[in-house]
Amino acid sequence: MGLLAAGIGAGIVAVGAGIGIGMIGKSATESIARQPEASGDIRGAMILTAALIEGVALIGAIVCILLALGIGG
Amino acid sequence: MGLLAAGIGAGIVAVGAGIGIGMIGKSATESIARQPEASGDIRGAMILTAALIEGVALIGAIVCILLALGIGG
Amino acid sequence: MGLLAAGIGAGIVAVGAGIGIGMIGKSATESIARQPEASGDIRGAMILTAALIEGVALIGAIVCILLALGIGG
Amino acid sequence: MGLLAAGIGAGIVAVGAGIGIGMIGKSATESIARQPEASGDIRGAMILTAALIEGVALIGAIVCILLALGIGG
Amino acid sequence: MGLLAAGIGAGIVAVGAGIGIGMIGKSATESIARQPEASGDIRGAMILTAALIEGVALIGAIVCILLALGIGG
Amino acid sequence: MGLLAAGIGAGIVAVGAGIGIGMIGKSATESIARQPEASGDIRGAMILTAALIEGVALIGAIVCILLALGIGG
Amino acid sequence: MGLLAAGIGAGIVAVGAGIGIGMIGKSATESIARQPEASGDIRGAMILTAALIEGVALIGAIVCILLALGIGG
Amino acid sequence: MGLLAAGIGAGIVAVGAGIGIGMIGKSATESIARQPEASGDIRGAMILTAALIEGVALIGAIVCILLALGIGG
Amino acid sequence: MGLLAAGIGAGIVAVGAGIGIGMIGKSATESIARQPEASGDIRGAMILTAALIEGVALIGAIVCILLALGIGG
Amino acid sequence: MGLLAAGIGAGIVAVGAGIGIGMIGKSATESIARQPEASGDIRGAMILTAALIEGVALIGAIVCILLALGIGG
Amino acid sequence: MGLLAAGIGAGIVAVGAGIGIGMIGKSATESIARQPEASGDIRGAMILTAALIEGVALIGAIVCILLALGIGG
Amino acid sequence: MGLLAAGIGAGIVAVGAGIGIGMIGKSATESIARQPEASGDIRGAMILTAALIEGVALIGAIVCILLALGIGG
Amino acid sequence: MGLLAAGIGAGIVAVGAGIGIGMIGKSATESIARQPEASGDIRGAMILTAALIEGVALIGAIVCILLALGIGG
Amino acid sequence: MGLLAAGIGAGIVAVGAGIGIGMIGKSATESIARQPEASGDIRGAMILTAALIEGVALIGAIVCILLALGIGG
C-alpha cells in the first residue's frame, strides 16, 4: 500500500503546488504588467505566499519519498 | 492502511494549501498593483489569513508524517 | 480503518479551510485595496468569518489526530 | 466503519462550512468596502446566515466526534 | 453501515447547507450594500429561503444522529 | 444497505435543496434590491419555484427517514 | 440493493429538480425585476418548463418510493 | 442489479432533464423579458427543444419503471 | 449486468441530450429575442443540430431498452 | 461485461455528442442572429464540424450496439 | 475486460472529440460572423486543428473496435 | 488488464488531445478574425503548440495500440 | 497492474500536456493578434514554458512505455 | 501496486505541471503583449514561479521512476 500511496500522493502534491503557485505566478506577471513600478512589493508578496505553499508541498513530497523507499511505517 | 493514508493525505493537504494560499496570494499581488500605497494593510490581511490556512495544513502534514512513520494508532 | 480516515480526513479538512479562508482572504485584500479607509470594518468581518471556519476545521483536525493516535473508538 | 466515517465526515463538514461561510465572508467584506455606512445591516445579515451554516456544521462535527469516540451505534 | 452513513451523510448535509445558505447570504449582503433602504424586504426573502434549506438540512442531520446512535433500522 | 442509503441520501437531498433554493433566494434578493417596487411579483415567483423544489426534497427526506427506521423494504 | 437505490436515487432526483427549477426560478425573478410589465408571459414560461422538470422528478421519486417499500422487482 | 439501476437511473434522468429544460427555461424567461413582442417565436423554440429533451427523459424513466417492477430482462 | 447498464445508461443518455439540446435551445431563444427577423434561419440551424444530438441519444436509448428487456447479448 | 459496457458506453457517447454538437449549435444560432447575411458560411462551418463529431459518435454507437447484441468479442 | 473497455472507451473517445471539435467549431462560426471576409483563413485553421483531433480520436475508435471484435490482445 | 487499459486509455488520450488542441484552435480562429493580417505568425504559434500536444498524444495512442495487440509487457 | 497503469497513465499524461500547452498556445495566439510587433518576446515565453511542461510529460510517457513493455519493476 | 502507482502517478504529475506552468505561461504571454517594455520583470517572475512548480513535479517524476524500476520500497 505504501508504494501505491507514494506514486499517487506525489502526483496530487504536484497538482496542489501547480494550482497554488500557478495562480500566484499568473497574477504576479499580470500585476507587474499593469503596474511595473510596484514590482518590488509584488515580488515580495509573490515569494512569501509561494514559499508557504512550497513548504507544505515539499513536506508532502518527502512523505512520498519515505514511502517509496520503504522507510518507517 | 496507514501508509496509503499518509501518501494520499499529504497530497490532498498540499492541494488544500495550494487552493487557499494561492487565492490569497493571487489577490494580494493584484491589490498591491492596484493600490501600492495600501500595501501595508494588504500584506497584514494576507499574512493573517494565510497563517490560518498554513496552520491547518501543517497539522494535516504532521498527521501524515505520524502515519508514514507508523507512530501511534 | 481509523488510520486511513485520519490521513484522508486531515487532507479534506485542509481543503475545506483553504477554500473558505482563501475566499475570505482574497476578497479582504481586494476590498482594502479598493477602500483603504474602511480597513477596520473589513478586517473585523474577515476575522469573524475566518474564525468560524477555523473553528470547524480545528474540530475536524482534532478528530483526525484522535484517530491517528488510536484514541477512543 | 465508524472510525472511517468520523475522519472523512469531519473533513467534508469542514468543506461545507468553508464553502458556505467563505462565500458569505467574501461578499460581506466586499459589501462593506463598497458601502461602508451600511456596515451594520451587512454585518447583521452576515452573522445570521453564517450562524445557520455553523449550526448545521457543528451538528455534523458532533456526530463525527461521537463516532470517533465509539459512543452510541 | 449505519455508522459509515452517519458520518459521511452529516458531512454532505453540511455541504448542502453551506452551498445553499452561502449563496443566499452572499447575495443578501451584496443587495443590502447596493440598496440599503430595501433591507427589510431583502432580509425577509433571505430568511424565508434560508429557512427552507435549513429545514431540509436539519431533517438530514436528524437522520444522521439516529444512525450514529443506532436507533431504528 | 438501507441504513447506508438513508444517511448518504439525506445528505444528497440537502445538497439538492441547497443548490436549487439557494439559486432562487440569491436572485430574489438581488432582484428586490434592483427593483424594490416589484417585490410582490418577485416574491410570488420565488415561493412558487422554491415550493416545487421543497416538495421533491421532502419526498426524498421522507424516503430516507423510512429507510433509517427500517420501515418497508 | 433496492433500498440502497431508493435512498441515493431520491437524493439525486432532488439534485436534478434543484438544478433545473432553480435555474428557472433564478432567471424568472431576475426577468420580472427587469421587465415587470411582462410578468404574465414570464410566469407562463416559468410554470411550463418547471412543470416538465417536476414531472420527470416526480416519476423518479415514485420509483424510489416503490423501491423503499419493496413493491415490485 | 435491476433495482439498483432503477433508483440511480431515475435520479440521473431527472438530473438530465433538469439541466436541459432548466437552461431552456432560464433563457426563455430572460428572452421574453428582453423582447416581449417576440414571445410567440420564443415560446415555440422553447417548447420544441424542451419536448426533445422530455422525450429522451421519459424513455429513460420508462426503462427505470420497467426495471423497478422487474418486467423484462 | 445488462439490467444495471440499462438503468444507468438511460440516465446518462438523458444527461447527454439535456446538455446538448439545452445549450442549443438556450441560445436559440436568446438569438430570436435579439434578432426576431432572422428567426427562420435560426430555427433551421437549431433543428439541424438538435436532430443530430437526438439521433445519437435515441440510439443510446434503444440500446438501453434492448438491455432492459434482455434481448440480444 | 459487454452488456454493462454497451449501456454505459452508449450513455457517454450521447454526452460526447451533446457537448460537442451543442456547443456548435449554440454558437451557430448566435452567429446567425448577429450576422444574418453570412449565414451560408456559418452553416457550412457548422455542418462540417458537427459531421466530424457525429462520425466519431456513430462509430462509438455502433460499437455499443455490437456489444449489446453480443456480436464479436 | 476487453469488451468493457471497448464500450466505455468508445464513449470517452466521443467525449474527447466532442469537447475538442466543439470548441473549434464554436469559435469558427463566431469568427466568421464577426469577420466574414477572413472566412478562408479561419476555415483553414479550423480544418487543420480539427483534423489533428479527429486523427487521435479515430485511432482511439479503431482500438475500441479491435477490442469489441476480440482481435489481437 | 492490458485490454481494459487500452480502451480506456485511448479514450482519455483523445480527451487530452481534444482539450488541448481545441483550446488552441479556438483561439487561433478568433485571433485570425480579430487580426487577419497577422495570420502567418498566429498560424506558426498554433502549429508549434498543437504539434507538442499531438506528439504526446500519439505516444499515448501507440502505448494503447501496443496494449490492445498484446505486444510487450 | 503495470499494463493497466501504462494505458491509463498515458491518457492522463496527454490530458496534462493538453491542458498546459493548450492554455499557453491559446494565450500566445491571442497575444500575437493583439500585439503583433512583440511576437518575438511572446514566442520566447511560449516556448520556454511549453518546454517545461513537455519535459515533465515526456518523462511520464517514458514511464508508461517502460510499463507497457514490462521493463524494470 | 508500485507499477500501478508509477503510471497513474506520472500522469497526475503531468497534470499538475500542466495546470500550474500553463497558467503562468498563459498570463506571461498576455502580460508581455500588454506591456512589452516590462518583459524583463515579467520573465523573471515567470521563471521563478515556474521553477518552483517544476521542482515539485520533478521530485514526483523521480518517485514514479523509482517505482517503475522497482527500486527501494
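Think of it as A, B, C, D, E, F, G, H, I, J, K, L, M and N in the order they're written, each chain with its own count starting at 1.
Keep this in mind: a residue touches a chain if its C-beta (ideal position, glycine included) is under 8 Å from a C-beta of that chain, and two chains touch if they have at least 3 such contacts.
Just so it is clear, the structure is predicted and the values come from calculations on it, not from any experiment.
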{"item": "Third chains touching both chain G and chain C", "value": "none"}
{"item": "Count of contact steps on the shortest path from chain D to chain M", "value": "5"}
{"item": "Centroid distance [mean C-alpha coordinates] between chain N and chain M, Å", "value": "10"}
{"item": "Separation of chain D from chain K, taking each centre as the mean of its C-alpha atoms, in whole Å", "value": "44"}
{"item": "Centre-to-centre distance between chain K and chain H (centres being mean Cα positions), rounded to whole Å", "value": "27"}
{"item": "Cα-centroid distance, chain A relative to chain J, in whole angstrom", "value": "39"}
{"item": "Shared interface positions of chain K, touching two or more other chains", "value": "1-2, 4-13, 15-24, 26-28, 30, 32, 34, 42, 46, 50, 57, 64, 67"}
{"item": "Category of the chain touch graph - line, ring, star, complete, other", "value": "ring"}
{"item": "Chain ring listed from chain D, with chain E in second place", "value": "D, E, F, G, H, I, J, K, L, M, N, A, B, C"}
{"item": "Chain J-touching residues of chain K, taken from the complex the two chains share", "value": "1-30, 32-34, 36, 39, 42-43, 46-47, 50, 54, 57-58, 61, 64-65, 67-70"}
